[in-house]
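In the two complexes that follow, subunit A is the common piece, with subunit B as its partner first and subunit C second.
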Partner chain A sequence: MDRAEDREPLVEIDGLRKLFDQSQGIIDTVLGREPQPVRAVDGVSLDIHKGDIVGIAGESGCGKTTLGKMLVKLHEPTEGAIRFDGNDITEMTREEEREFRKRVQMIFQDPFESLNPRMTVYDTIAEPLKINDMVGDYDARRDRVKQVLEDVGLGPAEVYLDAFPDELSGGERQRIAIARALVVDPDFIVCDEPVSMLDVSIRAGVLNLMKELQDEYDLTYLFISHDLSLIRYMCDRAGIMYLGNMVEQGPTDDIIDDPKHPYTEALFDAVPDVELGEERRRANATGEVPSPRNPPSGCRYHPRCAHIIPPDGWDGTQEAFRRAYQFKLKVRRGDLSAESAESADIADAEALVEHGLTLDIPEEYRSETEIESGGSKVDIARIDLPPAARETLVDAAGAVLDGDTEGALATLDEAITTPCESRRPEPQPAGTREVACHLYDEPGFEELDSSTAGIAPAAAED
Partner chain B sequence: MATQQGDSGTDGGSVRRRWEPRIERLKRGWDRYTEHRIGVVGLVILVVFTLWSIIPGVFAPHSTEWIAYIGEPPIESRLTAEQVRSLPHPPAFGDPFFAPLGTNANGNGILSLLIYSAKNAMYIGLAAGLLSSLVGVPLGLISGFYGDTWIDEAIQRFVDIMYGLPFLPFLIVLVAIRGITTTNIIIGIAVTSWLNNCITVRGETLSLKERSYVESAKVAGASDTRIIFRHIMPNVLPISFVFLAQDAAGAVIAQASLAYLGLADFTANSWGIMLENIKSQGYIFDAWWWLLPPGLALMLMAASFYFIGFSMEDVTNPQR
Partner chain C sequence: MTLLEVNDLSIRYAIDDGSAVHASDRVSFSVDRGETYGLVGESGCGKTTLAKSLVHLLDDNGYIESGNVWFDGTLPQWADENGDAKQSVIDDPDKPVREDGKTDLAALTNKQIRDMRWRDIAIIPQSAMNALNPVYKVGDQIVEAILRHEPQTTKAEAHDRARDLLERVGIEPDRADDYAHQFSGGMKQRAVIAMAMACSPDLLIADEPTTALDVIIQDRILEELEKLQDEFGVSILVISHDISVMAEICDRMAVMYGGKVMESGRTEDIFGETANPYTLGLKNSFPTITSADQDLVSIPGTPPTLRDPDPGCRFRERCPFAIEECHAEHPPMYDVADAESTGRLREATDQRAHGSACYRIDELEQLRTDALNEDTWTEQRIESR
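Entry: the complex of A and B
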């Protein structure tokens, strides 16, 4: 079972939200434009228990760094609460904040940026001590700094004390950044991609050092990384983020062995496998990450999802629905238009439908005609589209060819709908973890395509 | 890297160990400075001008009151008509008098005037440069650190308005209202030259405050003042030094052009006034020994400031 259950959480994050760029320029105000903030973190809840290493993974731009910075009070949350040891950190008095600063530290990604080039190693590491008035005089501080330097494996410390960062290697710099975080003897450290800028050859050393220090200093880590193998190596629990949402969280091994959220699955497929002879599976996801300024409605992942849920009355396969839905998105994005049809030599509506139903995914997931035509055409007869849907698609394609994109969209919006688009999934308990996906909302999706059929739907609690 | 010296615990030892790396750093900076010959040349020129302005009597053959044929004050006799006709006199080395760069139309030695004027130029250059740095750097730091707030907005709009002031007309009006004194000219130059300083420092601050070492200082609980002075300012000072040198050069030249236009304190000695005199007395095409030296001196002083600024950039912003 989950061993975290019976312990007090050290950090509780509740409905955390951070919007950037909420202010507008004068011109926008005059023209009455709505502000379009970047929704960096949008409704994340997470508990971090004492002594755990919690990993946060996700593509770049998913808000994981912003989340980490909010935990150390570098950014103020727009909404939601962060409780550290029971106290809300957004409403601290000056005295409480001083105490908080001694207990929480952060290690940054780039060791070439995180050390002031004009300060010696001693000055850098001693700074938190000076700010917090922790160790009295110069010699006592110097002894403490030496001790920490030796703890992070930089011994003899004398050699490093008076060096400037530009004399040190990346690994040494990152160890110094770790020493600076440790010097105040904190309880909780946020590590933002701590080894991603280091040479692969020295990563393991730094990671093992961090693990050793965890025991020695009795630390709790929040480990932010895009590298899943690293999360697997370091973390007891993991959270997967996508576009500011936490899509799945739970014990690391469970998440890795049996990813429940379609995004997690795609993310793990995207990691190259080194095992020889094994056919590499690639991510079954379409398109790019949408802009966090204007995220998709409902489930953030639905436009890219391989397991998008068809509407109730749909009698074709889930794959057919996915294709039909992609057709709609292409029309909406303007990828399919009269001009694009002309340049691709497509004259009639049927051909445009066949062109639009293709999916931009790795070869192993494609249909035969798609592979033959290099991804530009799919045989409509082989797709199990319901006749009504097929008719709608052809109608819409006709409208697109006539240049009436809005008409086509109206037709499509009526017929091709999905619950993923209209409702936002709440995190549901699913086995040992929490998943935010409509697939786990209620039972009764066995008729989905074969790859999802294996996942037992969780008890509905919506 | 500094090595451990002295017993720990003694006060002298700890102070010494504290400062050792900084001294070491200065030495390294000097090595980098001397890598470029141009910086050394600038420094030599500036040292010469500095000495001229501190102890002009050592270098100048005569005082500024010295008059050819007659000599140092008190002046009791008058020049004969023939002697007056020979002025401005070309360079003479002891016969009938000693004036290595000749004399002007009043019989004053050009070399002496040149050396005694260095003080004025140095004063104006350094005062205007320092003043514009003292105004521009703090304002730029504040503006950048509180970027995108009303503080930044207010400072930047003020800078925009100041940019609208045309330099020479502004100075002419200022001097007309407050009188022609060197101080007023310095103020006028500083008022218009701090703007570049402010904007550059602001831009640099905006970028520096996003560095993760600033963020990690924040995480450690550092106050805004600490971050500005310990983490940002040491990193913008190099640029502001470059600007200080440029402003100083600009100020010397601006003062000379004002003097040439007749807007200068005529009781003071200055290279600009020497040029103005040769123009107003109509000897531009006749007395090259009078025309060239002040122009060359101005050029050399401005160049020395620029050279030093150029080399300082290497010291403070090492590229490898």
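Entry: the complex of A and C
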């Protein structure tokens, strides 16, 4: 698995995009509104090598299922290319597509939904054979089905052949779903949360079965899961997705033991663990996943990031910048407004700054004043803000109190800037993996990029 | 001090054909003041049924067959000015109140228990995300709960308290005037927690409090629950299938299987000194994020249906250690420490102590060693007669 580069990739994904809901209603058309599609997958590149189990992890709504469905042609990509064994799957002839569908299969999340309740186990598993004209006569088909059933651990097969799904347990049903995928002897299987509906005591059996079958059938898997411990157990390589982007990919153990991307770090910190118990560090991230209909500019993760990059010339601490940046976001979102200040009994600009500089993070990362005040204020004297930035914040807070939110935002936008907001990070090699984060940008690359991209350099600080 | 004492509680669901599902069978456990107690188990093990039965929220065909639920608190009309049960009520043989002032919730009528819900025992429901009414402002829903259970409060006071509660769980008090759809998933969960705390209950029942949440939000909600407990000293009864979450937040727990408690005790004992074949099997079967190169082994077979189960141990059909005795009767809870030191079986007398329902805990060392061996679970086809 370490020499993945030497092998031919089985699946190559290049700049893949999928936007949903690009059309709009008549009212929006009449009013001339721009369509706002859901950017489910937004520029993902990934190679899957033969014989690997590649995991895709991420929170709900990150686009992992959409990615999987595009790989089996259940969704057409909006943009980008998917090459399977060298052929672009978006431009296949009918004949090529028939062949493709034999070689690529999918296992769905919920075995209670994905099996037709009116079909017997035999019918379910034999159907792909019939559709693909694979095994001609009945006896041969029956033998093939029996063999696959025994391969997935449902033996003796006769017991199961004529059963209906409702007579089977969850674990047995998922095995039937696996058998249905295997019966055509595929090369590549996309597994979308294959065990999340199963009880813990049964899960391990299905996971181990999938591993055994990989050897037996010479399979390559894409394993989609929100459960990071499963990814660790199953996968050689893993990709972490956030809001349609692949933020980090590489060997699973490396990613988990030493996450590079701030999002990956937060994600793994958040997983409870029996061995760590109360010793576990909590996730240092603010807020929640924003809507994929209107994702943040630049790095998708920057509004929540603990390691957001201060502009050149910022001579305070990074933590102070993170707070100042959150202040700006709060003004932008309308969380800090004249009304909210009034209801919180805040009258002067300084107090509003102290209120706005708070971070919504676990207590272990908070400042003393924040803990004492229950997260409602910080002590500005203890925050290492450059004097100019501090002035800007107080000015902006004054404008907010006067009800001039736009003026406040204009002031803030000039001084509180970050490359994370203005430029989209490209995946960079970092050790054994690729990370899409400006922290890992090549030195020198940054200036070049920002000047060519025509982005205003950070406002000079004195 | 014990807040809740559940004794031999059996709950059944009636079925049309006259049989019954024994969802919970002679379950006993106790929750101390200020502690987090967990009921952990797989789907269908009876954990949610058990929790719902405590406050009479079972489905129509569910009923308490036998047992008591002693709760340290009583109905408002039976209480003196300190909130303790009046002596006259204790002396009254018709009222389900015990010497020490504890009330048997199982013996209350549905009308009576309504006065105790929320005020004494509040619930964070399983799908908390959908527990908020979409057409009421979030703040008003909290106010409604306060006014229903503490009628002497004025509206203005209730509104202030609602905003204060929201602020305590990390929501800007301003948002009290928003509707549920304007909240994100994590905020809804926080709002539901704030709502449960509205009348400062002594016991909070949290049914899968984080199951629908993404892991980073789950992390924050777990922290929130911990903080609430520190601040208000509330006891929390958590129900979850997620072993890692439970290991982190619970002080003590009961591992349930097929309507029975298989093992109970302090969390560190359950995981460190595991003493039941089912728990040993569970520990083998889930991956942890911190360890590379694990070998998971699943428990063969599937959980039993609980329709008129036969008397043997509920786990015996899947248990690699089953012996003759296991078929005759489900084992009582044995004291683990005792079995380990004396090598003899003695029924646990103290509910707090580490207990395990297994006839073979006198050979505990052997069980533990064998359970680590994969072949133990895979080789044998367990006799299931």
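Here is the rule we go by: the second predicted complex is superposed on the first by the 437 of 462 C-alpha atoms of A that agree within 3 Å, B and C clash if a C-alpha of one lies under 4 Å from a C-alpha of the other, contacts with A are read in each partner's own complex, and residues count from 1 in each chain.
Convention: a residue touches a chain if its C-beta (ideal position, glycine included) is under 8 Å from a C-beta of that chain, and two chains touch if they have at least 3 such contacts.
The structure presented is a predicted model; accordingly, all values stated were derived computationally and were not measured.
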item	value
Subunit B versus subunit C as contact partner of A:268, first or second or both or neither	second
Subunit B versus subunit C as contact partner of A:59, first or second or both or neither	second
Subunit B versus subunit C as contact partner of A:381, first or second or both or neither	neither
Which of subunit B and subunit C A:113 touches, first, second, both or neither	first
Partner chain(s) touched by A:163 [first = subunit B, second = subunit C, both, neither]	first
Partner chain(s) touched by A:31 [first = subunit B, second = subunit C, both, neither]	neither
Comparison of subunit B and subunit C by subunit A residues contacted	C
Partner subunit A, residues of subunit B touching it in the complex	1-4, 8-9, 14, 17-18, 20-21, 24-25, 211-213, 215-223, 226, 230-231, 234-235, 318
Residue ranges of subunit A touching subunit C (in the complex, touch as defined)	59-60, 169-172, 199-208, 226, 228-230, 232-233, 253, 256-257, 266-278, 280, 282-283, 285, 288-289, 335, 339-340, 343-344, 360, 362-363, 374-376
Of all residues in subunit A, those that touch subunit B in their complex	69, 72-74, 97-98, 101-102, 104-106, 108-110, 113-120, 124, 127-128, 131-132, 138-139, 142, 158-159, 162-164, 166-167, 177, 180-181, 184
In the complex with subunit A, residue positions of subunit C that touch it	42-43, 167-168, 170, 172-174, 184-187, 214-220, 222-223, 227, 241-245, 247-248, 267, 271, 281-282, 284-292, 294, 296-300, 302-303, 318
